[in-house]
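To keep things simple, chains are lettered A, B, C, D and E as they appear, and every chain counts its residues starting from 1.
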Amino acid sequence: MTEIFGIPTAALFGQLLLGLINGAFYATLSLGLAVIFGLLNIINFTHGAQYMMGAFFAWMLLNYLGLGYWWALVLAPVAVGLLGIVIERLLIARLYKLDHIYGLLLTFGLALVIEGAFRNGYGVSGLPYTIPAQLAGGTNLGFMFLPIYRGWVVVASLVVCLATWFVIERTRLGAYLRAATENTTLVEAFGVNVPRLVTLTYGFGVALAGFAGVLAAPIYSVNPTMGANLIITVFAVVVVGGMGSILGSIVTGFLLGLVEGLTKVFYPEAAATVIFVIMALVLLVKPAGLFGRAA
Amino acid sequence: MAAETETIPFEETELDVRARSYAHHGIVFAALAVLLLAAPFLVYPVFAMKVLCFALFASAFNLLLGYGGLLSFGHAAFFGMASYVSAYAAKSWGLTPELSILLGTAVAVLLGTLIGAISIRRQGIYFAMVTLAFAQMVYFFALQARFTGGEDGIQAVPRGWLFGVIHLGDDRTLYYIVALVFFVGLLIIHRVIHSPFGQIMKAIRENEPRAISLGYEANRYKLIVFMLSAGLSGLAGAVKAIVFQLASLTDVHWTMSGEVVLMTLIGGMGTVFGPMVGAAVVVTMQNYLAAFGAWVTIIQGVIFVACVLLFREGIVGLLARLLRRPL
Amino acid sequence: QGIDVKIGVLNDRSGVYADLSGEGSVVAARMAVEDFKAADKGINVTIVSADHQNKPDIASSIARRWIDQDGVDVIVDVPTSSAALAVNEVVREKNKVFLNSGAAASDLTGAKCSPNLVHWTYDTWALAHGTGQAMVERGGDTWFFVTADYAFGHALERDTAAVVEAAGGKVLGSVKHPFPGQDFSSFLLQAQASGAKVIGLANAGGDTINSIKQASEFGITQGGQALAGLLIFLTDVHALGLQTAQGLVLTEAFYWDLNDQTRAWSKRFAEAHDGDMPTMVQAGVYASVLHYLKAVEAAKTDEAPAVMAKMKEMPTEDPLFGKGQVRQDGRHIHDMYLFQVKKPEESKGPWDYYTLLATIPADKAFRPLNEGGCPLVKQ
Amino acid sequence: MPEAALLPEAGAEAAGALLAVEALHGWYGESHVLHGIALDVRQGEVATLIGRNGAGKTTTLKAIIGILEKRSGSIRYGGRETIGLPSRTIARMGIGYCPEERGIFSSLDVEENLLLPPVVKPGGLTVAEVLELFPNLAERLRSQGTKLSGGEQQMLAIGRILRTGARLLLLDEPTEGLAPVIVQQIGRTVRRLKALGFTVVLVEQNLHFAAEVADRHWVVEQGRVVDMVPNEDLERNRDKLHAYLGV
Amino acid sequence: MAPSDDVILRTSGLRKEFKGFVAVDGVDLAVRRGSVHALIGPNGAGKTTCFNLLTKFLKPTAGTITYNSRDITGMRPAEIARLGLVRSFQISAVFPHLTVLENVRVALQRRRGGSYDFWRSERVLARLDDDATDLLEAVGLAAYRNGTAGELPYGRKRALEIATTLALGPEMMLLDEPTAGMGAEDVERTAQLIRRVSADRTVLMVEHNLSVVSTLSDRITVLARGQVLAEGDYDTVSADPRVLEAYIGTGHA
């Protein structure tokens, strides 16, 4: 068997594939963050909590209403998005004219409240959620056993990411959004209903988090803190990609998934830190991130 | 683009230019000194020391944010590393507390120079993220290095004898030492802000390209503030390690960096006395909310949200506005 | 007039260990006070509680404040080794009593042992031995560890590896993952590739749950490898669901369905605690508080040295742990149990999760007194 | 292009005033800046607002388009009262606004900037026509909007509202910072727009330019309209105007 | 061409590309000591870019810049300022939350040498107040000295900026559209101010207002599409048909 640095190539492929799958989560989550940051200028610290809510809603739909995974995949993001819209209207909307830091603090506080509420209601050990029957099992790829569900995760998030990218970078709607970020008053003076646009954007961004949450429910522990640990890493992904760059966050999400996957093989202890090392390096060489537009 | 249209993030600081007189600062400092002297008779001294350590940390952080206009999201690195170094020096090398603290502070300055030199080249949110990235690496180092004791931290650090003569085992004795360190730290910060250097710093924060075009090396100024801020943060961390006889991962974790931002904001950034008040509020909250169990995070979260929505300028900022005096 | 005793339940009330300790431990402590009928015996007990967030600095500062300011006599529970070690130092310095139930660190009764501590329920040594020994005996003689990269994980791996090798097994490798982790598939794949018969999970809480969940997803158990959870609590199994957790082998100090006494007590506990069954940590809080109160009654004081002496002198007996003893080094000795998680179809209802595989007798379950390196033990 | 298509639906006021402003007051926070502006603009005419720095010209335009948060009085467009409407509704009635500071978006490239304002009425210029008017822009379509030179940005800011089909154009100092050739070009553009039936309100400091394009000049001083000079009478009133402007 | 010691600032082959777009294309410029030199040209000609190159806010793609016979091509912006080559910005640049007096004083502080003394009280700066007031008087801002700079009307801000620049005692000033956005009154005042301050120093300015250019400047360079189109005094330049076509246009007085 051929080996690279003492690791059989086949095993390495397997690990890379796994990295890619994790990258799919990073991409979906960081995309939501990038959409919200890029268009609303809000650093949405609640994102992790909203991801968690997506997973919990999936669980609730199943246990309270008997609606399975496929329903959850549609309904849970919608529910998270609607809640997001309420949050945006009631709270975040008051902060647009202020410095980033206030948005960050507000959403940080909200994350604490949401997580605390779920913790009180459901404890912290987590809730069981099984893989839907249609996606259970796996295929042997020769170099690894790939659970079908993981394959599905990659496909689903790729589709969602690319669709989002297309809407924002290639349509009028996207141009309004980008312009509104910079100068709301003027875009409004052109006849565009900016507040509604912004609200919907926030709703959409957090719905993406909810979507990732549903994707995660069958494979990660569904518990109130599941998002809190992830959020900082996802931030790093957004920054490396270039804050607000849609394409950047998608590509970087997958890329960093891969890098992390490799690190897990060669220096597993550093797997959680490698992203920050990369972030520091990237920012030094390309100040605005890999895909960011220089300010 | 234009200097006038640029959002100057911290409007409260307008105050310190509007009102020219700082005479009342003398009064506030005097009142503070009295309060510090009386505190251990009013509250539990260990608690008071904790407040002072964080107050110094927050004030140091505020020096960078409120006056340098730089939001660091990695200040825990300085606080925590200094705390580890002084704990280790006191425990394993048996150094006296003042030497351990000095050593810790020195390490923080060194680390600040290193991280600062690289990160000040970036601005705004990118600056915050670069500092966060470095802090995460420091965290990783703290987790992996042998001397930090992993997640157990360095425990049972001896408080020892100050200069080899004053025993610090008694909480009240130690309290007065901590209070002195804090007071001197605050005076240093106050002086830095109101120095010729501070004046240039303000100019750079307001309009960097213009300051450069006047011949000021903006980056050098920023680096100096960064180092000062890192050093004073380190001082706070080092003192905390001696007071609590413990250095742990909590002190280098990113949540600590977040906490200090919070303290500064609650108190009022860009005010001299705000961070101190913010630290007192946050520490008190953590102390007394601990009994609420699972409700703690909810209550904390609600407080943050309320702060952002209702008292954005912070407690002292609000006070300053009401009194029409910079505080 | 009688003796005023203040008990401080210090544990995780919001983090990963909140379900296995948390409010349930307070409920258990309260039950102990009731069952002891303390008031009738002239002992006025008050209970306070606080959240240490699994952080040593917070734990130690709360402990300090409780003792200095609030007159707390005894601190109980304290899960998370680092927090427990920190509280241990404070209690020793202030000369009070520390009844630990929640923490795993065997150092508490080893190198860092204290005259003021009773370590009641379990420790890494007991877990490693229970599971390691039993798995090897049942044919699982090659191991691969998935270890959380922090001192607790390292200790668990080290202790288990020693047992495995002593029993004639072999350790093929290990991988250290960042803590806390989310995706373990990569590490599990490395474990799978090693071909080891047993994959030892030297981690805790959410990490363990995620590892098990993903092991089932990747068909690792179907592939013939066994998973050994080195630190798993009833609440973790509850969170995983039997579908995912089935077949897992684990060691615990207590299970609600052991005998009539445990069932009766657990039923009362569940009524007082939202229907959740007790974990071994909560059971340990009950039993240790009960024993402490007995010692206070016998010593006729709440002064720590006298009470500690009584606690070590009197044999322990309670409905949950049966008969036992507190050793010189502070270790409480009792039987441990090896369980296997049931298949979904075997379970008769909620919380019916374990099949008892073996009982490890008290004298074999814990590290021998002279091997811990505790300075209190006169060699 | 049929003239009728350019008329607002509501029908012009009897006197032919498309835009009628009366007793307009405006504030920035607490400071009272407009003190009863009154003016009217006829369908198809070019009107200028002239006055010293800080007189309130920009503020008047902002009040008309509805982005001045605090305003009172009456602004009727095509007979319809707009004083309480949000700016997006006013814009949809067919008013295009080109701000003093240009408002080019840096996250959009030049073409996206140009295409940004939604078409509110049929009959605006096509992109090709805009580019023909401002050939500089044609070469830079893919550049980031704010990377253009100051003058190019000005062209872009005017160009983009010509596309929307707005009947009433509010141009705030469109010639500021532009090279004389371009100023002349803009002059021609304004005349052509007028010929097409657009109505234009210009804020202008450059009297020379104003004289070339405008029908009437409204003089603003300290938040009030103090005078109106028809362009025919400009020569006669030149001294008076110079006094107003402090030349 | 004038002998080189007469030339204070010289560029040769100055070039700047932005992602395939050439904004400044081989500009040779020579500014004579003590003169007022204007840089004019159609929009997008590269004037601001030139300025940014001269003051190092941008790095040239090619070419060299010499100032007082010294090659400054590789220097940092702040260094250039300390050599006495100071710029103003196209969009007015003051320190908005400092007072008017402090704005000028910040520049005067440069005289104190290294201003890194964070341990000293800012009271030592009071010594500079008189000089600052003198400068403010010179630009007609003395009455506003304690006001906040951000609240000044536009024209006054420009004046403040000039005062701040003068405070450095620059040998050469670069002014980017000093009268842009000003009313006639302010334009006149500013032009006089420039005339006054140019008495003993060199001024290089970008300006669109031809009447200001014609009255102030000794020499004019016309840029178009990044290249020098014409050079000379106002009459020469304004008679050049290429300049007429590219910049001034027909029909202008």
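Going forward, a residue touches a chain if its C-beta (ideal position, glycine included) is under 8 Å from a C-beta of that chain, and two chains touch if they have at least 3 such contacts.
If you're wondering where the values come from, they're calculated on a predicted model, not measured in any experiment.
*Asks:* Taking a step as a move to a touching chain, how many steps at least join subunit B to subunit E?
*Replies:* The distance in steps between these two chains is 1.
*Asks:* If we look at subunit A and subunit E, which chains touch each of them?
*Replies:* Expected: B, D.
*Asks:* Let me check something: if the centre of a chain is the mean of its CA atoms, which chain is farthest from subunit B?
*Replies:* Centroid comparison gives D as the farthest chain from subunit B.
*Asks:* Taking the mean of the CA coordinates per chain, how far is subunit A from subunit D in Å?
*Replies:* About 44 Å, centre to centre.
*Asks:* Using mean CA coordinates as chain centres, what's the gap between subunit B and subunit D in Å?
*Replies:* A distance of 52 Å separates the two centres.
*Asks:* In whole angstrom, how far does the Cα centroid of subunit C sit from the Cα centroid of subunit E?
*Replies:* Roughly 75 Å separates the two chain centres.
*Asks:* Find the geometric centre of each of subunit B and subunit C from their Cα atoms only, then give the gap between the two centres in Å, rounded to an integer.
*Replies:* Computed value for the inter-centroid distance: 38 Å.
*Asks:* Mind pulling the residue numbers of subunit A that touch at least two other chains?
*Replies:* Counting only residues that touch two or more other chains, subunit A contributes 116, 119, 269-270, 272-273, 295.
*Asks:* By the touch rule stated above, which residues of subunit B touch at least two different other chains?
*Replies:* In subunit B, the residues touching two or more other chains are 1-2, 294, 296-297.
*Asks:* What residues on subunit B touch subunit C, complex-wise?
*Replies:* 44, 46-47, 50, 143, 149-153, 155-156, 171, 244-246, 248, 250-251, 286-287, 290-294, 296-297
*Asks:* Which part of subunit A faces subunit C closely enough to touch in the complex?
*Replies:* Residue positions touching the partner: 8, 11, 14-15, 18-19, 21-22, 116, 119, 123-128, 130-131, 137-138, 144-145, 147, 149-150, 218-221, 223, 225-226, 229-230, 261, 264-265, 268-273.
*Asks:* Going by the contact rule at the top, pick out the subunit B residues touching subunit E in the complex.
*Replies:* Listed in rising order, the residues are 1-4, 8, 13-14, 17-18, 20, 191-192, 194-200, 202-203, 206-207, 209-218, 220-221, 224, 228.
*Asks:* Inside the complex, what are the residues of subunit E that reach subunit B?
*Replies:* Of all residues in subunit E, those touching subunit B are 55, 57, 76-79, 81-82, 86-89, 91-99, 102, 105-107, 109-110, 112, 115-122, 124-125, 146, 148, 150, 157, 164-165, 168.
*Asks:* Per the contact definition, I'd like the list of subunit D residues that touch subunit E in the complex.
*Replies:* Interface residues on subunit D, with respect to subunit E: 52-54, 136, 140, 143, 147-152, 154-155, 173, 176-185, 205, 208, 245-247.
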